[in-house]
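What follows is a pair of complexes built around chain A, which joins chain B in one and chain C in the other.
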Partner chain A sequence: MMETTQELIQELTKIAEAPGAAVLDAIKSTGKKAVGCFPIYAPEELVYAAGMLPVGMWGGNTKGNLAGKYLQIFCCSVMKANTEQALRGDYDGLSAVIITAYCDTLKCLMENWKAALPGMKILPMVYAQNRKTASGRQYMKEEFLRIGKELEKVGGTEITDQALKAALDIYDDYRSVMQKFIVKIRKYPAVFTPRVRHLLIKAAYFMDKKDYTEKIRQILSSLPAPEPLPASRHPIILTGLIGEPVEFLDLLQENDFSVVADDLAQESRQFRTIADRNLPPLDRMVERIALQDGCAFLYDEKKTRGAMLIDMVKQTEAQAVIYCQMKFCDPEEFDYPIVKKELAQAGIPMLYVELEQQMDSMEQLRTRIQTLAEILPTRGR
Partner chain B sequence: MYLGVDIGSSSSKAVILNQDAKKIGEAILNIGTGSNGPQEVIGQALFQAGLQREAIRRTVVTGYGRMTFTSADRQITEISCHAKGVHFVMPNARTVIDIGGQDAKVICLDQSGNVGNFIMNEKCAAGTGRFLEVMARVLNCKLEDLSGLADRGDNGVTISSTCTVFAESEVISQLSMGQRIEDVALGAHCSIAQRIVGLCNRVNIVPEVVITGGVALNRNAVHCISEELKLPISRPDDPQGMGALGAALYALEFDKER
Partner chain C sequence: MEEVKTSKQMLGELLDKHYSDALEAKKNGQLVAWATSISPQELLTTMGIHTVYPENHAAAIGARKCAPEFISHSKGNGYSVDICSYARVNLAYMELLHSEAGDIPKPDLIFCCNNICNTVIKWYENIAKELNIPMIVFDLPFNHEYEVSKQDVRYIKGQFLEAIQKLEEITGRKFDYDKFGEVMKISSETSVWWKKAAMKAMTKPSPLNGFDLFNYMATIVCMRGTTEGMDLFKLWYEQLCEKEAKGLGPWKPGEEEKYRVMWDGIACWPYLGPTYKTLRKYGINMVTSTYPDSWYIVYEQNDLDGMARAYSSNYVNRNLDFGVDNITKLVKDYQLDGIVYHSNRSCKLMDFRQFEVQRRVEANTGVPSVIFDGDQTDPSAFSLAQFETRIQALVEMMEKRKQMAGEK
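Let's turn to the complex of A and B:
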């Protein structure tokens, strides 16, 4: 492999491993303001169109006792980490934070943050549950408009139709490139290990999307012809909120698993849907959310997630699905029984693992993952 | 000769098989990972078999402490090893309930003894041997006497707390309200049975159901689980040694494959 590929991979994984420093560098080098974007579908395009840098806020292995003042021990660890980081000042460089309400924890968190961080501009946002109806679409359009106006005040720049269209083009280009990226890297399991794959996708949250997409393009074009796949590997699919901590991903690698596709909110759900580029900008944003099915955080009347995963397994010839249940994440827990039943009927093995971003002991998890590897036949493709 | 070592959280087990898969040495010690238990238990099993360490051709290690035991040829999970051991001695087994010191597992087997599905308890002592240890301490009796104490109970006191720490407080509260110690002991066994059956309900339970692990030695607990599950439960003669037996069988298999 060309050296530049490894250099690019290292550059991006380093950003994902230390996002704070990367964001500060980006603020300094571009002179742009930065706006924090909570999971899962914060309208980053609006931030971008307002001339600011959207920054993903997906927690981390953060320990401390500050967040305990606002969040009980049984709250999602991503939200606890975000709150801890905010209270200790990690996000002081952000000009605003968009908090989208998809679950009970997030709903309460909006108010908690307003009280706990009076100096921080909080922009609460609620997506329509009925995403596909005319009234739901109208509501979402108005919500995007409202947030857009707020962002204009933060950035001091008007969001024109032209600027929003340009931002959407950049984001849809990112989505399109990422769709190709995750397919192509299946053939390079030794390079794109579960940890590297995850970090490369995660780096997108802490960089200008245009620059990030260019780096991914360069990685794709620099890859040599693939070598035959090792006979011992187990191709798998991850589903859930996020596939962290990274030690969990290392356990996958230790046991010869390669991630051939994912349905993680932090990863592929960000780029698997692209709306019609000919629609007016706000309608285009609304349409993408309306099309985004199979996600626990968006109301899905037809419960398509199980069928979608079964198709994914068929397409990728994965041997199993790992349900990455972030501890105490209600929306994901609600989906689990339905997905489990459908995958069992389809004869697809599924392993349920409970994860927390702040996990100290990995031994139980190791036993589960190793057992899955022991019961699956090895397969080289 | 083939050595299987099962290093659990609270006990170490070793089994030695000859080339015909006949057990020639076996030992159990109630000290587990992070202690000299594994080395001692191997020494005892070797002594029983009348062998020196050099006579062992292959070693497989399993259990919670398997990653820290570096002198084995291979390490395999306790789930696979319990399945292997149980299928060897009870080939009609289709479900294995393994309750150890800090983990509980339900393992589904096919006719050939392959693991089809499995489920483990979450990071919590409820429904594990640790729960019974805590209860024995609160009730001021030895762990081995807990089953007999519960046998003398008439009406098991309801212990509603899922968490072992809260359950301990609940038991103290019940005792201070004058509940009979025997009824509280019975209640503790019913509580562990409910947790285990909750776990069982997450997989497809098919008879014959076999119980293994240290908790299988507690007859009252096995009875309560059987009642709660509404299915008879079989127990091998050596429920604690199934993991080590499975590991030794794997060691034998690997040697034949070479």
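Let's turn to the complex of A and C:
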């Protein structure tokens, strides 16, 4: 049994490690066009319903300085990497790219890309910040309709209500399977190490969601009965934009940390919210964003992120939270002082780490993670 | 000279009154709002809610060189040094509540419009959370198309109406639409006079010393909806006309305005004097900036659609093509010799299009430019030596261009 699990895991982690090749493969094997989707949330369901393959664009470990023609050094490494890759031609196979406007950097990015990549079809879009009000919901609906029309042109297929509903069902199925997945794998820390957990979740960005969900289902059913948890491990929660670079996750592994839950934009925030399936398709998409609280990139009147993390800690019995701060990502930077205060009041240890997708040295990080491991008690269950 | 003093005096008096009125109102138990600099203050003014502007206040703190104390307080609270320094100053002020640069009362309500940046949503969200007060957000979608779309106008107008409802709930009072009409009219007129005065710098030599824009900016932010504000800009305009008629330039008689430049971005408040003196030393008058248009929020009275469009039309909320056209036009209208771009460590929205804008404006106009590194309130991100080196380079380029034009 374990062999199948390992094989499945390897298949997916390979995809996450070499997304470029995976996407090309997918284009070839399905005959579908691929559409790039920028962080944080993009209307992937519309892309899917238009018969195309949505592909996540979350940067990567990219060296070079082509992006320096457009961006100052104090731009986040995710957007520097995306721009570098685009200028290098890595995205030439994409039929369009959806760029969203969650932060000031992204607003500029869409403009620079239009200038720098005249051959690329850029589809800029804005998610409403007033996402719960009547005006905001109406705007979101109109925005989805507008982007849907653009996607129809790119794909050459009409997005019917039926197709959209089918796409939403596939996505919501993916979301509910993932919700179960992250709970179940807590019992297998040796198999689902921080790196493996991350790569498995990330692979979803480069595959047909239906196929991906099927693979995850297979992994879940292939798992043997869990063994007792090792006494040495430290259950923790990651919060932030991305839990990268993977070397950082390896440091967690080396120090016996296991990720029992996350509030990462690239990971659980993508699937933790599901809207009422009985709503009309567009309302369903709008509703999901309206429900998506505790995210740094969506206006959150009550600012619930801290409370949500505290709940998560209670539920998972995590020992600590690691705040994965992507350097220069200001929406996340603003949340930190509030979260820090709330977690301190709740007596939950939190480590703040500043990450970049291209890090020269891991030494400082290593020391800080070791220190965290030392102050936490070990316990097994 | 006497008249200039009067206009400046009036400016100072108005600002003092603005702040003391707000403090007084708070003392008397009246509501105070904190608002972003280009927000639809018309709604608050109509409701009689005293409003102060944290960006302005932070700028004043910066100009008085008082920012470091606040910045380090914020750092202690966990605010990254990479965050906009206005936010870092203000979030510390919210706790410390005193500065030599002047005080503002604590807010009962937060009023936030993201037409200047999305940063303000995060910043104000934190204030609302920490002080446990209501927050009203105006989400003005970034205009990736050249013009403000009808879809956006609908959304923005909807938000105005929802905000009015929320204000009625908060104050327990009805919104007075007649008064609203009046305030709309005054606000637009004040904007017009602000821009008319700023446009006096189109004359060569300019009767306006462009750094005055930085000074008067405080009043266009704080008093756009008041007749006092309007009167001030009218007076300023008249005085500039007088100077213009006499053929006077920006500085002392006989001091030549050799070069005319535009300043892109916010001032470096802690170094307002030194940057000004450096430019003046080389005979450079900063005749315009992105400021005049930022507060040119003009629309017909009672036209909510127009108001929505006007608020979403400021240049940082517009696309790159618009930004390029805008500066290209300024180069012509103001007969510019050069452009100084402030790569402001605080402001990603203004920065991350600068390189491409610079290239295109140069291609369009041939006018030389330089970029310098700075920050609007954090003194540690600016070097006067680097600034001067860049300005010297600009002078060389401008001089060369003048000579070449002369040779033709």
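Assume the second predicted complex is superposed on the first by the 380 of 381 C-alpha atoms of A that agree within 3 Å, B and C clash if a C-alpha of one lies under 4 Å from a C-alpha of the other, contacts with A are read in each partner's own complex, and residues count from 1 in each chain.
Everything that follows uses one rule, which is that a residue touches a chain if its C-beta (ideal position, glycine included) is under 8 Å from a C-beta of that chain, and two chains touch if they have at least 3 such contacts.
Just so we're clear, the structure is a prediction, and the values are computed from it rather than from any experiment.
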{"item": "First, second, both or neither for A:T371, with chain B first and chain C second", "value": "first"}
{"item": "Partner chain in contact with A:E363 - chain B first, chain C second, else both or neither", "value": "first"}
{"item": "First (chain B), second (chain C), both or neither touched by A:K14", "value": "neither"}
{"item": "In the superposition, chain B vs chain C on chain A residues touched", "value": "C"}
{"item": "Contacts of A:K132 with chain B and chain C, given as first, second, both or neither", "value": "neither"}
{"item": "Contacts of A:D300 with chain B and chain C, given as first, second, both or neither", "value": "second"}
{"item": "Chain A positions touched by chain B in one structure and by chain C in the second", "value": "352"}
{"item": "Residue ranges of chain A in contact with chain B within the complex", "value": "349, 352, 354, 361, 363-364, 366-368, 370-371, 374-375"}
{"item": "Touch list for chain C against partner chain A, complex", "value": "77-80, 82-84, 87, 114, 117-119, 121-123, 125-126, 128-130, 135, 137, 139, 141-142, 144, 151-152, 154-155, 157-159, 161-162, 319-320, 343, 345, 347-349, 351-356"}
{"item": "Residue ranges of chain B in contact with chain A within the complex", "value": "64, 67, 76-80, 103, 114-120, 122-123"}
{"item": "Residues on chain A engaged by chain C in the complex (per definition of touch)", "value": "69-72, 74-75, 101-105, 107-112, 114-116, 124, 126, 128-130, 133-136, 138-139, 142-143, 146, 296, 299-303, 325, 327-328, 330-331, 333-338, 340-341, 352"}
